Structure formats: structure tokens, C-alpha cells
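Think of it as A, B, C, D and E in the order they're written, each chain with its own count starting at 1.
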């Protein structure tokens, strides 16, 4: 095992060998295996945004097997999806790549100002499907955040006892903050900290903007002169906010966009010390060969900063 | 076993032989046995709408044995009902046809804008009554959807471990959408996707209309030119939305209506690749011989597209 | 469902519809379906006698799939085997025929005068493998009989609660009786009674000889002039001993022998009112086509007495 | 994944994706990865024979880390050991190779004619230590065999539900057979069959000799002319006895011996279609470089027959 | 924390921080705190030998508080006793020193050739009494060894999950070996290995004699020329036998004896690399000041070899 992966594992000293082994599986698989960098394919958009919005652009994606194949062929570190999508392929692709079972999901048919996902899977589901980790979304800033925090607390405790890793999607959203605030650098840094404090091993956040949402925070950012001018600076700050870089922080790719825009963002993340990317719509909504090409370029950028 | 049934079973590779066997039982029974098409008789209207609204038109239906007989004589693949109706006939008709125990039901004596059924049965009830599957209704778009999703998650995990199949009625309803939106094509497709992601083996939805409810979805339907002009086109789309046709999707018959209207709808469903129909009021509210005649015609249409 | 099967089900009035349904599945499957007669293929000899003694004569039988195929192609009512043999085929043949999971088995590498099988499966195993029934061997006359009776008591209670049928192999053996006594008519009749009293739905015994083992019994047989001269008379008596024929009693085929000897025995069983046969070595140790031919003849004889 | 590994996985159709994935991990790791052949390092001799007898010859082996290193450097498919040895290294070597937790062990400070190991670990231990499989020893022919069979039954059911693979060491021993009989071809074939029927995924047996222990078996071997003259012929027979080769059967290396004797035996195993070897004393009692050299030669022989 | 204690903790990488912290508490308390050496006061003789044999010589020892005071005043690392003795003082001395709850004990009112202690406490008892560790005695060589091994397996799993350390008294005794064999060097080394493989963190054994009990072992000791002439050499060997010194091995003081004899033994243990002593009768059966003086000298000898 590479020195870097060993070093990263050393940050998780409270975990049992089972969990450490699954963290190692996540870091050692695929094209970035051993670098300590990760690119993960997540496909929960069918549940979150509906099938047409997710898959009509590249209809191959309606088929659950497609995403397993895409993740394998592109050499992603892992594939993350809700129960149904994993059940529909886990036997056919058993042993082919690390899987992450998303244990909660929100649909868009009902939406209030304060989101709260439904719990849609269990730790035992993750074991029977052969997953390396559970995934869970929290929405800090939602009036229902405590319910989510309580759920992930219980699920993470069980997952860790059974040797699984814990991945938390930390997306501030809800009546506590503005729309712009969802990606504000102070809020994203705070979201990373909350996930880390909840015991996440891997934290997924959005690339932070230069906006500062909270007045109390702004004073400190200004007083201490925290650099937040470039994306790389902001990524450096949010990674520092996740236990001084001793938790794996990866960044979402966000809404589908042009390839140049994707790569520019990845470069900022990589320069700032981000541990990798989790690229959903920007990969599976492109034709497969184009998606693999894009994912490879993303991986190459991260690899250059390993 | 027919090649088609074997093919359909191959989509459920994560399930144990018990669950596969019960899926096979559902597909191999009755006049459509072996075709991969299903026509199921559901009778939960007594609970859902009250007895007079349900049974006064054809008073034979007050008797729980009547519906077993109807389903058997018509050659349905299965009969689905709440606990009481099954308890009242399951011994007399043991072994005569596959049963589906509806594990939740809503009555109409209290109704808010956001429905949430009561859990009225258990997986162990399904086992002691000899059922092949559990049934469960979710109401995406209800403020209480997460409670339902959480309930079916736990029930489905238990059912699968004990070798039962899982049938989900996915009926968007509630304050998240308009009345017209309940059968909008984008919403119905989304409902099929949600049920599939929750781990349903069989998904029951309503025939979709050409209406599009969600603005975010409309953009995609227009941009990608998804054909939704005819019922067949819409059915094709919603079946695709359930894992590219790798989950069994059947369609409800809806409110009682004229025979021609029924058949026109069935033809659209069959042409679009629907896996079958679940016909309640349009069968049991007719005199038995007429109902059987109608069901046979429905089966024949589906069989022609097998 | 046939009148005869309905009649037989009526004898099991304490059972829930799940168990009744599984009894019906056993009686309704295969060439004898609906007659109330059963021919079952049991293959536990690999465990009981070792692989070479069981399969060398017809090496196709080393393969677990072979026995599923044989049972299916011959139109047997069910196939009974230990855990490993069922696990090795239950998914591939899901839904193809009723299965019986043998929950205890004895090997021949250790043998004392008082046999006691090991428990090798569970009721939950039977559910996850999609079985219609559990099977269990008791050895009345063994010093360890009470341990076996206690095990089947608990397993049968659980199986009945979960809707499964219970098949008991009742083979008197052990230090309580002589070798000849194992098939003595009084002992076999007693074994049938014990299994029935333990709550078995289906009882498997050996064809009884005219020998009487127990002195206390002999007096009665003589005093009452119970006819035991022919096999048919003895079968009539042992079937009567199983609740006056209100429990399904089937007869083992015993060691491999010539076809004529098999058929003569079957005719005696059928004439005496036996419910069928469970034919292992005499079928799977013959080439498949010959075995199917033999099984068909056995079935035909039973069918003539239905 | 290689075609051969996919083929082998197809034999285990009743298992969930978690168990399939762990079987794949075992087959895909190390120098033999992907060939469908396995060489496993087992080190339970410290418990079974005592420390000096096990490690004095190569004192590096007193250190638990040594065996992890040996297995990794030699490119073994997996390392199997009791609780203490795995606890002493599982964190340091997390993710480095598949582990098998031996769940029962016998020491030599008390020995009767009928061995019965103690249960020394649990399925949850296997999960927290990150193991791919549980291991368990049965001693057919011991008076206590039923206790062992009952223990592995329960442990295997739990392991399979939680996505682990099950490895059974099947070593006939005890008052039921002679010393010579422990490796008799009929007994070893029977031992393989018993383990397979108990639901083992991987079966470890001893290389069989030409001796036949049981009279009842001898008749069949002679009557059917089963070739048992060479080790390759005997291996062919015992592999056939494990579900016609549809269960993975590997062979123990036995007591320490000269390199030539080891290789001759391996060649016989490989020619006969054995799936691999489990080499303990013949590897860890040699200096490390010599052991690796020996293991590589063993692997090469197996690879030539893949 | 001292470098040595850190080093020792690094050997227990599979344990959670709670268990590591309690191991550290044991090593950091008292006069030997931080040296990696331990002297523990055990008082279970009241249960094991009866009160008069244990306490009449120094009647202060009848009072449970006396032993807490002795251990505290002497600066022992910990005090180990059965449930009653700890309950009688744990509140008064809460926080004063680490406690070890002995979870099993044998009395002398019944004695067979094969001892098997009773389980007299639980892991929850240990938690509520504020203990740092559980203690458990195994008797390898007893016919009942497997029962003890199974008990400590379950108790250790629970203790580790709840953050406690596990101390195993490994005393070969029973019909498997001779009386002299109980302290034979091969047997003591084996006993240390067994305790380590069962997952003990701290192992308590008896000082080994030069006798060799087992023929199979003697061959190896002679062939490999393992030095066992002096106590120091034998201690070196048994410590090596406990995972090459990577498990803490401490030595019992045995029956009460003269001070010179005690010290000579301690010097041998210390020179051989033993981690410390557990001195019961030789301390609490002396007047307190004398006992403290003796314990201090024991500690000093161990400290000189730290």
C-alpha cells in the first residue's frame, strides 16, 4: 500500500480494521488508486431530480447497469447510489468496484423551504450488497437538520461497528440561509466541519464561492485576512476546516456544464488540496466515451496534485 | 419456465431464491402465466372509499370470498387486499392463487391535503396467510412521504430476507403537486423511479396523461423531444423510467368507466410496453360474468404484446 | 383445486393459510398434481452415505443441478435435500418446483448404536431458499430420540407460524429395537403415530414387514386379528395409525433394487391406501431417462388408486 | 473480472452480492488473482500445536506481523488465522489482503479420541477486523461432529446474511475411523461432500491416499471402477464429490516436509483439478525468502492448470 | 505518556480508543507508572480457597477495604478481585486506582479433576464498578476448556466494544496434563499463546519450570536448542510465545513463601523480560507495612529492567 494511503489511514485511529480496510479499498481502486485522491461516480439524481431530468440527455443512463459500467470503465474509485440502483446491478458486478449505498434521499415532488431526506436503506442492506461504505446527506441550515444529524449518528455508529466507512454529503440548505449562502465559503467550511464532527470519514461538499453568508463569520474572515479570492484558496480553507486536512474532503461537480468550466473548477479544487471529486451529471449525462474522457482528465488533474 | 419469465427474473440478481420464486409464482399463475404480463385484482376500496361506494353497485362484492373467486375464475395472476379481506378467505382458497397483502391503507373518514396511510399488516402476516408478496402504497408529493418511504424501506428489507416479493403502489398525491399533476407524465415517471429506487420488484402506477407538472422537467421533455403525445408513448417513457424496463411496471385501471374506455387505455398500455394491469373497480363493480369477460379481454390485449 | 386436495387440506384445520397453501403446492405440482397422491425425489444420500456410494453409479448425480432437473422432468411433486444441495440450485430453478429443506442429517463416518442427526439448516434458510416445507428425520428407538423430538417440536412451531409445511421422516432405529424391528409393522405403525402426534403434516415411513417387534403389541395384533399378511394390509394399518388416514403418509423406496421389485412394492403401497412414494436411490442412481420412466410408472400406479 | 472467476461465482446463485463480492475478493487477490486458483496462508498452529512446535524453527513467526508480511509478499490470495493473530495485525495491514477469521480452534493440551474445537471468534469479529470470510473446522468421524455441524450452520447463516464467505476445513478425525482412514480417499471425498452440504463456499481437505476406509464404500469404488491409483485421480474424484466441481476445493499442505515432496503433491493436486492449496507449516517454518520461493513455485504449478 | 507505553499501545492496533485508554490507565498508574511494567494485586483467594485459608494469617484482609488500601498504598498498577470484593469498596475508592473485575471464579467446595470456574460477573458489572478491565481464568488441559474459551470469547468481544481491557489468567490444569506439567515450560508457553490467540490484552501465567510435559514439544525444544536452563531463559521463551513479546505477560507469585524466594523469582522474571507480577498471597497475607515493603522491592526489580 502506498505511503500516502497509509498516512491518510493514520488519521482514522479510532476505527476498527474493517473500516480502515474499506477506506483503503476506496482509495486503492481505479485509476487514482494509491494516490490518496478519489473520483467517485454518484447517481442519485433519478431519485433526487426525477428520471427524465437525469437520464433523458443520455438515455443509456436509464439502465442501472450503465452506471456500474461507466464507473468501472472510467476507473472511478467507487460508485454511489440509492438502494434500487445498487440492487439492480450489485450481483452482476460483485467484486468489480467499491460501492457506496446512499442511505437517504430526497425527491422533488414535494419541496418545502426546509429539506429533509427520507431514509431509504440500512447498514444491513449495505452489507448484503457488498458495499464499502454508507452515504448520507445532511442539510445544515434546514429546520430539520437535527433529525438528519440524529439519523446519521445512529447509522454511522452501526456502520463503524460492522467495519464500513461513512461518507457524508454536507449541503447547507434551508430556511437558515440564503440561496447564495448555500455555497458561501464560510457556510461550506462550516458544513465540512459539521460533517467531520458527526464522525464522517469522507466528506462531500460543494465548491465554495467567495460570498460570505454569516455576519459573525465575516468579521473573522476580515480580521484574520483569510484568503478566499481564488477557488484554490477557498478549497484550502474548507479542507483546513475539516480537521486541518485530516478528513478526506471531496467536491461535487454540480449541475451539468461545459467541459472547460468543469476542468477549471477541478484545477482550483486540486490546487487547493481537495482530495478529489464526485462527478455525477457531468459524467453520466454525456455519451459514455465522452464521459470517460472527461473523467480521465479530471483524474489526471487530481493525480498531478497527489 | 418460459424464457421470458427467466429473463425477467435475471433483473433481480440481488434477491434470494425465495423472492425469485415468488416473483415467478406471480408471473406463472393464471391466464397470462409465462408471458411476463400480469393482470392483478386489487380490492382495497372497502378500506379506502368505504363499503357502499365500493360494493353497493355489485353487492356480491361485500363478501370477501367473492373477490377470491373472481380473481381465480378470471385467471388473474394474483389478488391483492388488506389484512381483513385476506384473512376472511385465505384458508378457503389456500393454494388457489398468489396473494398480495397490502400492508398499508388509507380510509376516507379523515382526509387532509397530505395523505399518509396507516400500516395495517406485517411481513409475518403475509407469511402466515401464504402470500407471495407484500404490497405498500407510497404517496410521493405528500408532506408525509418520508414516513411512508421509511416504512416500506424496513418492510421491504424484512420481506426480502424472508423470501417475499415487494409490490409498491406509487401514487403521487399531496400538497406538493396539483390534482392534474397526479397523473402528469413527468410525475408518473418520477413515481415509477422512486418506487424502483426504494427497492420495489413490482411497481403499480397510474396511466400518465400528457400534462407536465414540473417546470424543471418540462424543459428537459422539450429539449430532448421526449414523445408523450400518445398513451403508448407515455407508457414507454414511464417504463423506461423504471430502470430502463428492468422493473415490472403495471398500471391501475382507475375509476370505474365504460368498457370501451377501459380497453382503449389497456391497448395504449400494452403498446407502450407496460407489463400489465391492476384492475379493481372496473372489474368487481361489474357483475361477475361481465367482469370476467372484461378481464379476459384485458388479458388478451396484454398477451398480444407479450 | 381438486375436490380431493380440498378434502385433504380439511384435515389440517389448525394450520394457517400459509401452511395450507404450501401443502396445496406440494399436492398440486407435477404429474400427480391434484390427485392427492405424491411422488417426491429426496437426495440426502450424499450426506448420509457419502458421495461415491450415492452418485458413482450415475455420475451425473454429483452435480446438484441434476436432481432439480430430474425432479422437474419426471414431474415429481417436490424435491427434498439438505442445505448445500438446495443452495446450489435454488436460484437457477426458482419457481420451478416445490422444495423441501431437510433440516437434519446424519453422516456415516461416525456411527453408534443410537443415531442422532445433526441440525444442518433453519426455518429461515427454508424461507430464503423458497421452500414449501421443512423436512426432519426422527429416529424413534434411539436413546437420543427425545433430543430429536424436542428439535422438531421447536422447528415445526416456527415453520407453522411462518406458513411452511412440515415433513417428518420417521425411521425407528437404535438400541431400543432389533434390526428386523426397524421395519416391523407394529413399529412402523408406531413411528407413523409418533410423527403425527409431533405435528407432522406429511409423514415418511418405510414399507412395513409382517414382523412384529414388541411383545405388548403382538398380543393386540393377535387378539384383534389385525390383518398384516400382505403389504397392502400392512400399509392400510399404518395409514390408519396416522390419524385414521387423516395425515399424509408416504413410503420410502429404500435401497436400490430391480425395477420389478420396486413396482411390486409400490403396488402394495398404493393398494393399501398409501399417499405416495419418496424415491431416491431407485431413481437418481439410474440413467435419467430410465429414472424418469421408472418414476412415471410409480406415479401411474399411485394415480390408479387416487 | 476474468471469465473464469465469473463462472465460479455463477455456482453460488443463492448468495447475496456481498458474499459474491467477498468470494471475488478471495479469487482476485495476489499472484493467482483471476485464475480461479487460490493459495492461502493459514496460521493457526500456534493455537493448535503450541508456539514452540509452530514457530521455533523460524522464530520470526512468533511475531503476528510476520505472517501478514509473508502472505502479502508471496502474493497469497488470503491469510487465515485465529482471533488473536488477526487482531495483532489487522489494523497495520488493513486493506492489504483478504483475511479469513478462523472461528474455532483446538489446542493440544487436552486431547480425547474425539476432538471438538472451541468457538473462539464471531461473525461480528470478522466484520470489525475487515475479513472477507469466516473459517471453521469440522471433524467428521468425531463423536462431537454434530455439535460442530450445528455451530457452523448458525455461523454460516449469519455470515451469509452479512455478506461474508464461508470456508470450511473438513478433517475427518475421531473414534469413527482409523488413523489411516483420516486421509482415505473415500473419507476425504465424503468430508468434501459434508462440507458442501453444510453450505461451505470454500472447502479445505487433505490430499487423499489410495486407502479405502469404509467397507460399504469399497464395494462401490470397486464395482464402478473409480480410478484412485494416482493422486491426480483421487483429487479428481474428491473435487467431483464436492458438487461435481461446483464448490471451490483446496488442499492442505500437511506436516512440514522437503520441497520436492511438496511440489510432487502440488502437481498431483493441480493435475486432478484442485482449486489450490493452503500451505501453512511448509511455508512459515522456512526462512521467508525460501518460503516465498516455495509458494511461488506452488502458485506457478496451479497457474499452469488454470 | 512515556515512549514505552506508547510503544506497547501500538501493539493493540485493532482496539478502540476506550480499550487503549484503559490499557494506558493500567500502565500509567502507581509506582511503575510509565515504565511499561506492572505489579497488580489480585485477591480472589477468598472465593477460590475459602476465607480462613486466605485471610486468617493477616485478619485485616477479611475487610474488603483493606485490599484497596494495600494496593493504593503500595502503588500497585491495579487491583483485581471478584464482584463482591469490588462492590464492597469501589465507591469509597472510586478514582483511586484501576480495577479489574474477575468475571469467573472457582470455589474449593467441589472439585473434580477437570476444573471449570463459574461466571460470577458481567461486562456491565465492570462498567458500573468503574473497572479498567475484565479478568477471566482459563484452564487449558481441562476437559471443560472449550466452555471457558467460549465464555471469554463472548465476554471479550463485549468488553472490547465497550472500551475495556481484557486480562486472562491462563493456568493449564486438568486431566490433559500431569501436576508437574502445569508449570512445565512448554505448557506455560502454550498457555500464553492460547490466551493471546483468544484476544487477551494482558496475560497472567505462572513462572515456568524446566520440565517439558509434551513429547511432541520436547522434540522441538531439543532440536532447536531452545534455552530453558534458567528462569530468565524460560521467561524469555514464554514472552516470545505471546506474539513475540507484543502482548503484556505478567507472572503470578504463587503460594506464599519466604521473601528471598519471592525476590529470586522476580529477578528471573524481570531478567527474562516479563512485564511484571501479580502478587496475591505473598502480599496480603503479610502485615501491611511488610507487604508494602515487599511489593516495593518487587517493583524496584521490575523497574530496573524497564
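Here are some notes:
Assume contacts are C-beta pairs under 8 Å (C-beta built on N, C-alpha and C of every residue); 3 or more make two chains touch, one makes a residue touch a chain.
Remember, predicted model here, so these are calculated numbers, not experimental data.
Common neighbours of subunit A and subunit B, by the contact definition above: D.
Steps from subunit A to subunit E, minimised over paths through touching chains, total 1. On superposing C-alpha atoms, the copy subunit B sits rotated by 180° relative to subunit C, to the nearest 5.
Of all chains, the one whose mean C-alpha position sits at the greatest distance from that of subunit A is C.
At the interface between subunit D and subunit E, under half of the residue numbers involved are used by both copies, so each side presents largely different positions. Subunit C and subunit D have Cα centroids separated by 35 Å.
Put simply, the C-alpha centre of subunit B and that of subunit D have 49 angstrom between them. The distance from the centre of subunit A to the centre of subunit C, each centre being the mean of the chain's C-alpha atoms, comes to 57 Å.
The mean-CA centres of subunit B and subunit E are about 66 angstrom from one another, to the nearest whole unit.
Counting only residues that touch two or more partner chains, subunit E has 13-14. Under the stated contact rule, the graph of chain-to-chain touches falls outside the line, ring, star and complete shapes.
Across the assembly, chains come into contact as A-B, A-D, A-E, B-C, B-D, C-D, D-E. Subunit B makes touch with subunit C in their complex at residues 1, 5, 9, 16-25, 28, 86, 90-91, 94-96, 124, 127-131, 161-163. Those residues of subunit B that touch subunit D in the shared complex are 13-14, 16-17, 161.
By the touch criterion stated above, subunit E contacts subunit D in their complex at residues 11-15, 140-143, 145-146, 149-150, 153-154, 157, 172, 174-177, 186-187, 189-194, 196-200, 214, 216-217, 220-221, 224, 226, 237, 240-241, 243-244, 246-247.
Chain contact summary for the complex, subunit A toward subunit B: residues 46-47, 49-53, 55-57, 59, 62-64, 82-92, 105, 107-112, 116-122, 124-125, 128-129.
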